[in-house]
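One chain, subunit A, appears in both complexes that follow, with subunit B as partner in the first and subunit C in the second.
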Partner chain A sequence: MTAAVEAPPARRPQSWLKPVSLHGGWRSAIWFLLPALIGFVAFYLYPALRGVYISFTDWNLIANRGDWVGTDNYERLLDDRQVWESLKITFRYTIINIVSQTILAVAIAVLMDRLTKSVLIRGILLFPWLIPNVIVALLWVWMLDGNLGVVNEFLGWFGMEPVRFFTDTDKVIPTLAGINTWRHMGYTALLIFAGLQTIPKSLYEAAALDGASEGQMFKDVTIPLLRPILALVLVITVVGSLQVFDTVFVATGGFGGQPGGPANASRVIYLYIYQYAFDFNQLGYAATVSVLLVVILLAITFLQLKLLRAGESDLA
Partner chain B sequence: MRKTLWRLVAVSFAVTLIAAACGGDDDGAAEAPAEEPGTAAAEPAEAPTETVTIEYWLWDGNQQPYYEQCAADFEAANPTIDVEIVQFGWGDYWTNVTAGFASASGPDVFTDHLARYPEFVASGVLVPLNDFVARDGVDTGAYFPGLAELWVDDNGNRYGLPKDFDTIALVMNSDVIAEAGVTAEDFAAAQWNPDDGGTFQQLIMQLSIDANGNRGDSGDFDSGNVEIYGLGLEGNFGAFGQTTFSAFAGSTGFSFLDVNPFGDSANYDDPRLAATIDWFARMIDEGYAVPIEDVESLGGTTVFQNGSAAVMADGSWKIGTYLGADTPFPVEFAPVPVGPSGSRASMFNGLADSINQNSEHQEEAWQWVKYMASAACQDIIGESAVVFPAIPSSADLAVASHEVNGVDVSAFTVHVDEGTTFLFPITDSASQIEALVGPAMQEILRGQADAADRLAQVADEVDAILGS
Partner chain C sequence: MTNIADRIENLGSALEPSARLRRLGIGRGAAWLILIAILVVSLFPFWWALRTGLSTNGNLFAGDQSLLPVGYTDNNFERVLGTASEAEILESLGRENTGSFDFLQSLKVSVIVATAITVGQVLFSAMAAYAFARLKFWGRDKLFFLFLSGLMIPPIFTLIPNLVLVKNLGWLNSYPGIIAPFFFMTPFAVFFLRQFFLGISREVEEAALLDGAGNFRTFFGIIVPMSAAPIATLSILTYITAWNEFLWPLVVARAPERQPLTVALGQFTAQQPGTSPDWSGLMAGTLLAALPIIVIFLIFGRKVVDSIGFSGIK
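Coming up: the complex of A and B.
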């Protein structure tokens, strides 16, 4: 994942372009690579290429066949207002989710680093991440229900009106983003925590000697030196966030609801693809939207790595 | 060392067996003699002729025990056929059926739905039953009128034999209506219209209570602080509103399609439908009906069972749910109200069993379908009273069985007796229509869109799909 980033040539000898000399070790190396290579070709490369092929057909899922229709699906995509609506919803979800999750995770990581060395507490923070997504979604559906949920019971004690977290068109996306923040912040914090370990303690000592406060140290030492790790974390979480599906499907589908509801307010792009593929049996068009999603994800990832200079560290 | 080696051999043998069993029905592959003690993956197959296993899928867990009984009787009469019943919840069911078709596997026989089967027919994955029916002389007139014909497509091919039917009625919380001095007879005599809701709306208002104990028909009713809603809603309205608006819209004379089955234009722009949906939106707004937001997540049944709604329309397949332990109060049933057309109306839906084109044992699958559609099996289902069987004499058993328990289910059967049913709309694009109309209904019921405008817009989109 070393991106081509502008950098002082002295520090980057471009070694990744030169073939690595294995001193004739290729023969044994190939055996170690083969299992992964077979897996990659069978489960990534071939399905991806076939997906692109299917996007040029009118593939019917149930009949499992389709005819070549050229660029029909792509022309349809350009005219399809619903796709852009779904993308807008997805981006809204991603922004809320990433901002809240990253801020909380950095805060937790710094607290773990500066306050406690307890492995137990670090372990507890990972708990939500260990629960399967579907269970998380069902759990919150019950807890946040407008009539029967325990959360609204609490709110009621303070004289507040019941909040319809999942069935209010304006609240459903923030609610879903919040649930996934709850689930992922511990894991993200752990990644950032690992990054914090790479910052030499001597820098904090020096800063303290210069009379820097804890807040100044965070701003001027921690954050700049954390940048490469933060960039990696952001790439992973943003890509994951744009691909949100299971939580939305389970939580808004509820018990007989319409996934993506209410009134399509939470129909994220993956759900849109799912609908075409598995509800409408139009696998061809679903594949076309998937290709669009891949292009978007690639562009976003590239842009992030470039902007955040992920390949470099400020640690001399 | 020897022992380890032996275990290794045993394990690899077991793995091979399992792999063979998973690999599909390559005749006899899974029947490999299993002499290895402890690796009983394969059944001992010492029957005189080869036993054929028919996999049968259904979604209603309540019905499974009774179909297991049917299967046991069927296997006793047909020793060479083994029926394996698999149940999935409604949501997972169709995903799994679709995945089965896509991967050229899936069940041999499965419970089919009117909203789904035309799409399967269009994809050519169901076995037409015409030849089987003709050969074995199955009397398709043995069922309630109309049920068998629902499963014949516009080319005259038959894709299922009926097993049951369902209609819609009102379910009432007996405690709540008694307290308000309302009886089931009041509801049975009620009239409804979409303008002022008729006497039906008067009853619903009478049953609504706010937090201060004011009833909906008093001037002091606080619509923003309701304790018990007079009218519950079973759930999402969706495109066909089977358990929600269909009985009301139907009683205005509205019908979903120009021709049913297989029409090529829908009537979503019919002003009678807009007026009906508008009435529901007003009832919600005025605090007499449960807000749609409250039933979309956990479902309206939960709201009703929670005691927050007094009366609700629902389907006959849910009778057992309301009489069961999850409903902590006694209930009664009443027919849906008489509408502007001068009569009641109930959507008439029936399930059937279809055979998968991928089945390698279509003859045996047909035997099982035929048995489930016969009086022998339908009597078992009828006696259990879990649903109304498609054969009238078997359905009588269900009614009688409820009567023994002191439950009057005539509110559901009255539609069949009086001929006030209309057929479930059958199109080959039900899921796309659902995806278009469902969200529109959600907007209207939230007061975010005007019923007539939004439905007119949706009508064009639906017609574009049906016409293509």
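Coming up: the complex of A and C.
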């Protein structure tokens, strides 16, 4: 690295930069960084700061301006019972997702680990994850239709009454979570499967020699060593579930329904923000609610990584 | 890599032959059955959509749940593509046409948007990733960390300010408006490529620099060709993500002629009546809208599958 290199002729020696390097400091780096830097500042950094500012205004999209209103929006947020209701719905959706998705994904991953490494099978499992949410929602709205849906036909074979998956206020959130689980279980399973490949086989052999049963090996070898990947999966699932929007918007908004329906039973927090911003044209308040969501997301991520000590595996 | 189960089985049978073997033997058969059931569940909705798209609404509403199309017709696909005649529409739809959208126009928008985003995002992210991996400049690691922290910003948080910005620029209902926020970089793309660039041996690169090649020639002549595989993987993932994007185009592109397929399908759904919706047309349109993704996956499936587990973020 320290080998003296003749700088290309066009480049002048650098004086103002401390680490005079082989590659020539900011002067040459800037050309590599400029487009990404423009994008980052314009569409990440600036809007993040501006989002906080907008949350202190009564921004109106038609005029595309707003006046400073101080902490009015935040005071309103504390008194807004609907926002807490919406959060409750979102958490319910998230919890159902975590449980169903993690259990299914671990099961699939362990099955694959035992049976096959076939790329075809992994591809089939991953496939639903690549399909747009809008399309996934439509496929399932049709299959779960209360009158003509094939799922109800199937349930009928077992003597069950038709289920009103989307029109029953108690069932709509579990239904949406189920659809999301269907889309994500293969992807999550592949992540866990990748994690399983990192566990040394010698540990299982040693356990087998000690007379451990399959169940014991799963509990005492697999799970502890999978902890980093499980932590990651959990964070991805939780953060993703808290931000659900497309599926809810399309699945509940079609066929004469209201997005978030029936009776706001599926109005998740993203949809709540969307409605305030674009249906009610109260962008200031919508920004305030999204500040709240960011705080929740950051806190949950931080807590999870902390609790699960994600960085360390027992393998170290 | 030989199967762990097999090796354990060997070990186990050496210890207590009959019992262990029998247990695993039954377990294996049952395990295959479960896995196959899961695969069927993963694929069945697509078959059901195809079967529905090839049926007539009249037969569907009669409640026929046959696994094969009921009253086979390809009119629905023609309807979606806009090539069906009045008589054909009436036959497959069973009533007057109520809602519709210009599928080919939306397909064009989706292709343009996803292509532009992929080219821009991958190129610019790769350049930035190279700077972060190889060049030395003041504040490099701090800047990289700042970029990474962008991963923590949920899209809804930047949605409103970005929309305000795009409106100020006069880019509502335009390609630049739909494309811009994804065009220059994503923190994930920079992170993903930086990991690969860090792994490339410096020797080749330094030889090129000694020969007087500038950073740009080194980057495009050596680094990019050597990283063809991860760049291809990232491009595929970026294309699919851009194709699937819904919320941003939904708020930016209110005009039908600038709506990508996801948004147009969503709007079409919202126009469907609660009683006797156009299921066959909807499923035909749904499948056609997913077709490009299906084709990409059939061609590049292995790359996509192998990329899962690389970082776990995507």
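Here, the second predicted complex is superposed on the first by the 276 of 316 C-alpha atoms of A that agree within 3 Å, B and C clash if a C-alpha of one lies under 4 Å from a C-alpha of the other, contacts with A are read in each partner's own complex, and residues count from 1 in each chain.
Convention: a residue touches a chain if its C-beta (ideal position, glycine included) is under 8 Å from a C-beta of that chain, and two chains touch if they have at least 3 such contacts.
Values in this document were obtained by computation on a predicted structure and should not be read as measured data.
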Contacts of A:Ala36 with subunit B and subunit C, given as first, second, both or neither: second
Touched partner set for A:Arg122, first subunit B, second subunit C, both or neither: second
Which superposed partner A:Phe56 touches (first subunit B, second subunit C, both, neither): neither
Partner chain in contact with A:Asn64 - subunit B first, subunit C second, else both or neither: both
First, second, both or neither for A:Tyr93, with subunit B first and subunit C second: neither
Residue contacts on subunit A - larger count, subunit B or subunit C: C
Subunit B versus subunit C as contact partner of A:Gly253, first or second or both or neither: both
Contacts of A:Phe278 with subunit B and subunit C, given as first, second, both or neither: both
First, second, both or neither for A:Arg164, with subunit B first and subunit C second: first
Doubly contacted subunit A residues - partners subunit C and subunit B: 61, 64, 141-142, 148, 253-257, 278
Complex contact set, residues of subunit C against subunit A: 1, 3-5, 7-8, 11-12, 15, 27-28, 31-32, 34-35, 38-39, 41-43, 45-46, 48-49, 52, 60-61, 63, 65, 120, 123-125, 127-128, 130-131, 134-138, 140, 143, 146-147, 150, 152-165, 167-168, 180-181, 183-185, 187, 190, 206, 209-210, 212-216, 219, 240, 243-244, 246-247, 250-251, 261-263, 265-266, 269-270, 272-275, 277, 279, 282-283, 286, 289-290, 293, 297, 301-302, 304-305, 308-309, 312-313
Contact set on subunit A toward subunit C in their complex: 3, 5-6, 8-10, 17-19, 21-26, 28-29, 31-33, 35-40, 42-48, 50-51, 54, 59, 61, 64, 107-108, 111-117, 119, 121-128, 130-135, 138-143, 148, 150, 153, 182, 185-187, 190-191, 193-195, 197, 201, 204-205, 208-209, 211, 214, 229, 232-233, 236, 239, 243, 245-246, 249-250, 253-257, 270, 273-274, 277-278, 283, 286-287, 290-291, 293-294, 297-298, 301
Footprint of subunit A on subunit B - complex, ascending: 90-91, 95, 98, 101-104, 119-120, 123-125, 235-236, 238, 291-294, 296-299, 302-303, 306, 308, 431-432, 434-435, 438-440, 442-443, 446, 448
Of subunit A, residues touching subunit B in the complex: 60-64, 141-142, 145-148, 164, 166-169, 253-258, 261-264, 275, 278-281
